[in-house]
Amino acid sequence: MAEESFYGVTLTAEDNSETWDVVDEDYSRGQKLVIKQILLGAEAKDNEFNVVEVTSQKDTVQIPIAVLKAGETRAVNPDVEFYETKVTFKLIKGSGPVYIHGLTIKDDVEVVDMEEEDDEDEAEDVEIEHPKKRKIEQNADGKNAKNQKKK
Amino acid sequence: MAEESFYGVTLTAEDNSETWDVVDEDYSRGQKLVIKQILLGAEAKDNEFNVVEVTSQKDTVQIPIAVLKAGETRAVNPDVEFYETKVTFKLIKGSGPVYIHGLTIKDDVEVVDMEEEDDEDEAEDVEIEHPKKRKIEQNADGKNAKNQKKK
Amino acid sequence: MAEESFYGVTLTAEDNSETWDVVDEDYSRGQKLVIKQILLGAEAKDNEFNVVEVTSQKDTVQIPIAVLKAGETRAVNPDVEFYETKVTFKLIKGSGPVYIHGLTIKDDVEVVDMEEEDDEDEAEDVEIEHPKKRKIEQNADGKNAKNQKKK
Amino acid sequence: MAEESFYGVTLTAEDNSETWDVVDEDYSRGQKLVIKQILLGAEAKDNEFNVVEVTSQKDTVQIPIAVLKAGETRAVNPDVEFYETKVTFKLIKGSGPVYIHGLTIKDDVEVVDMEEEDDEDEAEDVEIEHPKKRKIEQNADGKNAKNQKKK
Amino acid sequence: MAEESFYGVTLTAEDNSETWDVVDEDYSRGQKLVIKQILLGAEAKDNEFNVVEVTSQKDTVQIPIAVLKAGETRAVNPDVEFYETKVTFKLIKGSGPVYIHGLTIKDDVEVVDMEEEDDEDEAEDVEIEHPKKRKIEQNADGKNAKNQKKK
């Protein structure tokens, strides 16, 4: 489902920050970044802690997400998702290298909604309800649907 | 599907408890908290156990969910879910810091049901069954459907 | 989807066995227990093995599912499921405490089938096939569908 | 979805091989074995490697899938799937015991296709397309659909 | 869903590279490789790092994905996906053996779209919208749909 890509970035003492963002303001809905693994490189110094902090703009959260140390913890598997938000990873302790692995997923939500509008015109003569349209709104546009109801 | 957000909280000796709850009583159905990783901070004391206990109000369960110790266990990945309930995490042993990572998910179940009611009015002239409506009730409202049947 | 609850139980030398079962014979289909994590408590003795054995009644399997030891293996993540069966966990070695974490899931399969029957009556005048109904049977009731076909 | 069962087998020096196979040639499609955890028993010898090799007949692959050693690696979580194929697990190094945990899943794919044929007959008078049927074929019978197209 | 196969390859000092690619240019959409586990063999040398680097052609990413060392890290579980792209794994450090385990998945996306065209012809007399067709385009062909809209 949807369009997905491998996500892989490297943090080091010199290049200690990396930011991911949704790609297009108009079609930003449904995009997310999933972080599967954070891995300490073979070149990391012995007994040095390497700490990666994440900042999620929409969720206004800033928190360490990986604490790695050669000889103790080589990798963690957070398996967390950042949905429709700008995200920054920063190596706040240690000199790395630290590798961050995951996926980016785009759902192309808005496009589908607009095509469904066309269906409504075609079908209005026979007055049969649009079973899939409700389902799609539920999945993709739950927040807007809720707001409209309260008007 | 649904609306989701990153969940990240920090427990320390001074701030040793954190509670998550569903956000709105009327629309509380379909909300859940998923805990993916519990991680011991780099500042944790050597050989000190750090134990996080979870209390799930609806399930009336109180149990340790993470036992962490520097040099032995830096992180656990519980991957458990708390569904439609108030949940409290407490650092009952150790001075932390301990980081809890996960997701909160809202399904906006009720809103969809109300829109489906409108569909029923529009479509009653042609008497064609609502295939998606049954599916949605099955997924989102199984408990109520069961109760109604028993009347 | 479905109704789910957090599952958490503690095994110790004194209270070394715990059984989970489906809740209602008539509506037992679609119920399952998912075991996500088995965790050794901070109070466990050094160098003592703690072994949890699982017995799945329907699958007639009895096998250790967790082997834990302080200083070596604090937690395992089996991520296995027990579907429509009685399950017993027993601490067969060690004095614990051992914590078992997971989810119980109810799909309310039977209820949906009965509602679909009503749809069939309503719709038979217009002779339009029931697209969702077949899908629901496939997902929820594959076994029965198979039996009926053989008659 | 589908019918699933817990899968648990034990390998030892004396009983070092175990084979899983699809259960019925006519209805073998959609069956799979998922391996979630491979765990070294408490009785395993210190510093002895225990290696489990898997042979997947359809995929013609033979490869170690678990390398376990007391004091170093007590468990691995492969989370791999063997789909519509005979699979053999063999303890090629070490004396065990080694426990293999997972799930077997049956989708009952063929049965659904045959029921859909009946729908086609019932509905042909009104000439309304079968929206769900295409979806089911896509999911369950993609390979056959492809072959038919090439004729 | 879809057709899937077990993926297992071995990297050694002599045979240190392995490439996976989509199988047919015309039907390459919807194909992906999922990497679940990377495991160090029992024959690996003590205290030698074994590093596997991945190159994803479409995503133009080249990054280490596993850092393994006997006595410290026997296995990692990246759980990442490579979607519609050529992927190369290379043992850039150490002599192995290293085992890579996962799944390959084919969705047969194009075939379904072409069958849906036929449905359109059959159904045009009754002018009922095609609820599933939009859904399938959303899932499988979101990128193309987006491009067409902008024309």
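Letters are used for the chains, namely A, B, C, D and E, taken in the order the chains are written, and counting of residues starts over at 1 for each.
The rule is simple: contacts are C-beta pairs under 8 Å (C-beta built on N, C-alpha and C of every residue); 3 or more make two chains touch, one makes a residue touch a chain.
Given the structure is predicted, the values throughout are model-derived calculations rather than measurements.
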item	value
Distance in touch steps, counted as few as possible, from chain B out to chain D	2
Co-neighbours of chain E and chain C - touch as defined	D
Interface residue overlap between copies chain B and chain C, same or different (over half shared)	different
Between chain D and chain C, distance of the C-alpha-averaged centres to the nearest whole Å	19
Inter-chain centre distance, chain A versus chain C - centres from mean C-alpha coordinates, in Å	30
Multi-partner residues of chain E (at least 2 other chains)	77, 79, 126, 128, 131-132, 135
Chain contact graph, described as a line, ring, star, complete graph or other shape	ring
Contact set on chain B toward chain C in their complex	32, 49, 51, 54, 56, 58-59, 61, 63-67, 69, 72-73, 76-83, 85, 93, 126-129, 131-132, 134-135, 137-140, 142-143, 145-146, 149
Of all residues in chain E, those that touch chain D in their complex	1-10, 27, 36-37, 39-42, 70-71, 74-75, 77, 79, 99, 101-103, 106-108, 111-112, 114-116, 119-120, 122-123, 125-126, 128, 130-133, 135-136
